[in-house]
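First chain written, first letter: the chains are A, B, C and D, and each begins at residue 1.
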Amino acid sequence: MKTTYREAIRAALADALEHDERVFLVGEDVGRYGGCFAVSLGLLEQFGPERIRDAPLSESAFVGAGIGAAMAGMRPIVEIMTVNFSLLALDQIMNNAASLLHMSGGQCAVPLVLRIPTGGGRQVAAQHSHSLEGWFAHIPGLRVVTPATLEDARGMLATALDDPDPVLIFEHASLYPMTGELADDAGAVDLDNAVIRRGGTDISLITYGGTLPMTLEAADKLQDAGVDAEVVDLRTLRPLDEKTVLESVARTHRAVIVDEGWRSGSISAEISARITESVFYELDAPVARVCSAEVPMPYARQLEQAALPSVERIVAAAREVVGTHG
Amino acid sequence: MTTTVDATRMLDRDRGLDLLRQMTLIRRFEEKCVELYSSGTIRGFVHLYIGEEAIAAGAMRALTTEDAIVSTYREHGHALARGIPARAVMAEMFGKVEGCSGGRGGSMHLFDLDTRFYGGNAIVAGGLPLALGLALADSMKGRKAVTACFFGDGAVAEGEFHEALNLAALWGLPVLFLCENNLYAMGTALDRAQAQTDLALRASSYEMPAWSVDGMDVLAVEDATRAAAEAVRAGGGPHFLELRTYRFRAHSLYDPDRYRQKDEIRQWVQRDPLSALKERMQAEDRLTDDDVAAIEQDVTAEVADAVEYAKAGHEEPVTSLTRWVYSDDGARP
Amino acid sequence: MTTTVDATRMLDRDRGLDLLRQMTLIRRFEEKCVELYSSGTIRGFVHLYIGEEAIAAGAMRALTTEDAIVSTYREHGHALARGIPARAVMAEMFGKVEGCSGGRGGSMHLFDLDTRFYGGNAIVAGGLPLALGLALADSMKGRKAVTACFFGDGAVAEGEFHEALNLAALWGLPVLFLCENNLYAMGTALDRAQAQTDLALRASSYEMPAWSVDGMDVLAVEDATRAAAEAVRAGGGPHFLELRTYRFRAHSLYDPDRYRQKDEIRQWVQRDPLSALKERMQAEDRLTDDDVAAIEQDVTAEVADAVEYAKAGHEEPVTSLTRWVYSDDGARP
Amino acid sequence: MKTTYREAIRAALADALEHDERVFLVGEDVGRYGGCFAVSLGLLEQFGPERIRDAPLSESAFVGAGIGAAMAGMRPIVEIMTVNFSLLALDQIMNNAASLLHMSGGQCAVPLVLRIPTGGGRQVAAQHSHSLEGWFAHIPGLRVVTPATLEDARGMLATALDDPDPVLIFEHASLYPMTGELADDAGAVDLDNAVIRRGGTDISLITYGGTLPMTLEAADKLQDAGVDAEVVDLRTLRPLDEKTVLESVARTHRAVIVDEGWRSGSISAEISARITESVFYELDAPVARVCSAEVPMPYARQLEQAALPSVERIVAAAREVVGTHG
């Protein structure tokens, strides 16, 4: 069936709401408005205001309420309109959602799902263009996933709802219109493994979320330049599927990490560090990174484009690493 | 209590013409923005102020150049009424170096320190704490300035609103809170967001003088703002005005506006602040058709000039992408 | 309005003895904690409830086992009064596996899901949003439960307080907010933190029934809590009680308590809730010296037993350090 | 003169308040109470309530007020009682303090100083033991410094106040009682350079803040074991003084990074990544890290001790890297 990333998530939401009465959706404008990215459009009519709950502008309160409801046996899906506003709920996320299970000696599990649109590229400037998913992955107790395909958009929610612990699903806003074929019986997918989206022998391009499409495109361009690149989609940023990444690098002996986060202290640094720690002697060249420039996102188009990862920057970095400047 | 217009001042034709021109400029400027957005010249998020012009025009006329302004992402009207040249605002929408924020802010982040316009802020309620600090600095420096802080009804639900109003009242800071209550926060109606829908009452629970004003009546807005600002300036501590208004357009140029009744919109459009002022002035023989035509011509020329200026502006080279991340490269004031 | 004690109930000797025993247990338990802290057996932050016992004892007696509790870092009294065994609480203070949080929480994080005690929370106001969620879950599941949420006067300044009260009222959630107003947030007196020092008035601005109670009068606390909890249970939406009290000791065992007048402390100590109840019962011939001696003996034994139990408890091996970070290793309920 | 880390900071505060009327201190219990770590004890009496301002429990409001006051030409020093509560002000820190200068095209500089006690080790459990300074260093527009010596405790504040941009000073709570000699004329110190606290030739131990003392101790232990370790104190986590770090590693060819932050996505990962990127061919062994276990801090003493970096763990990691298990 032909569908979009947006529709795939909506279908996953409808599924969950239909098959599990403990599930409900809460967030700003998820109901009457239909979601600021139209993801939940129509769900209010289908499931009613009890289960599709519009919340006031109170990020900390409704995220915390989701945590409390999860502790009491519900399976809340809380949407934070965009990651840019998640900072207002960070205390609830780190000090409660991520800590309660441990603080209570295993009593208070928090089966909460947070859906958080993320990413830049739409010229909405410094306060509305954050890519913080890799940053959230620093927090023990959380599971952080980044669907980058229609299958994952359709399948990660169900698995996240089955997880007894808090799962943050970061949806890159640029992916919502992504269109493609999806199996009619597409369903739950695992959240444990990174996946090799494209096999290759010369270099491993490691990425996730919003930058997967451009990384695949870069791999094609590299092919033309005689570089056979493997593309690894991390899918889950916490806990990292180190094994798949390390095995890929051990095969290709070279790696470039593509990450929309600001470079310093990004998840790309963690991956680079782990590669060095585990397969150092397999490396034929230093691990390289293609990240966002360390700047609050500027509005002007040419500046924003220069700040973000791009096919050109990925290709250049990869060629540098394989040493083929042909 | 709702303030009433002092009739004697209505007799002042210049005042009426000034306000009418200001509101018309904002209206035509934004209508042009819609065009330019459709043609892809202006990008990002654009939040129109159409229907709410009386607030910016009236409030700014009651403030002095010493006063400081903190605004939101729906701030074209505030910026223009504060006196930021239409050229600089339009160039910012184009993302040009000549823009009032050097092209780095865009529609949601108009800044101009010459007029003490401390920017559009795109985090709902995020500007309120900044306003406290500006006011605190002014009072510690012995300046008699007022910090006027604009925000919407939706911001009232945020924790920062509560923290800021409490702290402003507790410390007696010279802040004038200007709440533009247009009845909706995106698709969420006031009564679906607030347990206490009387926002002036909400504010007065912080022991701060607060009242509601007809935000469609530019004269009422100016008078109320002047009265409140004078009280703040005189050392009366923070004051709060709820300005009752309505946005005639969708939340942003992204928004299909599915959540409002066409009827409701129609009724409010009948209270268009521009028409209201015109009718009032005409009824009192203070406005001729030539006046209106002159204003329209004048404003249209100003907007056209702003667009030309913006078009002729320069794109910042990507080589200076990381400029202004730190002041080292010259920003130190 | 302040609730008055219904005299007929005062005639119930068992009730008086029960409350007296409960308050005495909390008092002696904490006095023992001070000893053990000085000797280095108990570590970390320890916030004493001494002087405030009437609130925990009175409120918990008015709640049912179906109800849920959300507490703060000053929660020994809440935990004991809710029925968490002194043994489990003391073992937690010792950091032993047998502790009510497996030794991972300590004094500030006592948990016991068997009694629906959802924990001490050490972020001021951090528990309020959790209470909304517990209440929402109970109401969606059709349970007639009330979520009782304890917090201090200092929490009222936090943004989360505002967001939580608004949301609870807006959604009509079955939450009973219990504000323990002991007049200080660490070293900051109420009137130096709140523009609105009448906390019940502050709460009522959210269109929620709210009243103040003498928190030193255990009977008044129980009656007020019962009345409010019944109203919430009956579908009356959230209610708020301001419980006026005072902590006899410093903020924590770290605090030199430089900021309070000795006189003020002395005056409040004269209103010691334990003595107050004793005197009242004695005045009505409901309490003999033998009763008091029996309670003291009984409670002392319980505390001593708790200490022995805690001493005999086990230290979790460091090999299981990362247990309970995720549920995979068995926590899934 | 004999003094403590706490007194050195207090002296720096008094200095600044005395010599610059634009400076004021605001935070919870900084006045009447004297600061929850007694750092500002006595300052209220000396400078009065206008300049030593007790704030209500409203982290977002008073941090934001500090930003606003800085924009208007004051030099506020805002104390967040501990890093654990900084999450409540993170929106103001990232979306305003760090972004305003850039968003405004260079008009709105924010000369704000935030003082934030940080770190674990006192058995105050999951919500009160965070070490997030490395995590904050991910944010462009901020300067993040971590005084670890009496000289830096005394001298970093003045330099931070001179900086036109926001500076976060993270004071590790375990350092406050640290006692030692300080020159009577000790004053401002630079915030640009990492410093080699102990020269060595066999391996570089790179650390900052609260873990500097144990790292120096570990270096002594290693000396006894015949390993000559160099100890680099980063001092500033953003922007990183890469040069000093890379030069040290280029000399010793081996590195262990010691960081109290949770391992995944910590600043230690960034340093490891940069070492690999720049001096890969100089490395004789993979870079190793000693960080905190990825767990919300447990209360029980033995568990907390096991979670934190320690002299033993540093020594073991260093010996592993130099391959001397003798």
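We take it that contacts are C-beta pairs under 8 Å (C-beta built on N, C-alpha and C of every residue); 3 or more make two chains touch, one makes a residue touch a chain.
Just so it is clear, the structure is predicted and the values come from calculations on it, not from any experiment.
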B-D or A-B - the one linked by more C-beta pairs in contact: B-D
Chain whose mean Cα position lies farthest from subunit A: C
Mean-CA-position distance for subunit D and subunit C (Å): 36
Chain centre separation (subunit B, subunit C; CA means) in Å: 47
Centroid spacing, where centroids are CA-atom means, of subunit B and subunit D in whole angstrom: 41
Shared interface positions of subunit C, touching two or more other chains: 101, 103-105, 109, 121, 123, 126, 157-160, 163, 166, 170, 192-194, 325
Subunit A residues counted as touching two or more neighbouring chains: 56, 58, 60-61, 84-85, 88, 91, 95, 102-103, 125-127, 140-141, 294-296, 298
Interfacial residue positions of subunit B with respect to subunit A in the complex: 43-45, 92, 95-96, 101, 103-109, 121-126, 154-155, 157-159, 185-188, 192-194, 254-255, 258-259, 315-316, 318, 321-322, 325
Subunit B residues touching subunit C - in the complex, by the definition given at the top: 157-163, 165-166, 169-170, 192-196, 201-202, 205-208
Contact set on subunit D toward subunit A in their complex: 84-85, 87-88, 90-91, 94-95, 98-99, 102-103, 125-127, 130, 134-135, 137-141, 238, 240, 261-262, 264-270, 272-273, 276-278, 280, 283, 285-289, 294-296, 298
Contact footprint of subunit B on subunit D as seen in their complex: 24, 50, 53, 55-56, 58, 60-74, 76, 91-92, 95-96, 100-109, 140-141, 143, 164-165
Touching residues on subunit D, where the partner in the complex is subunit C: 28-29, 32-34, 36, 54, 56-61, 84-85, 88, 122-128, 293-296, 298-303, 305-307
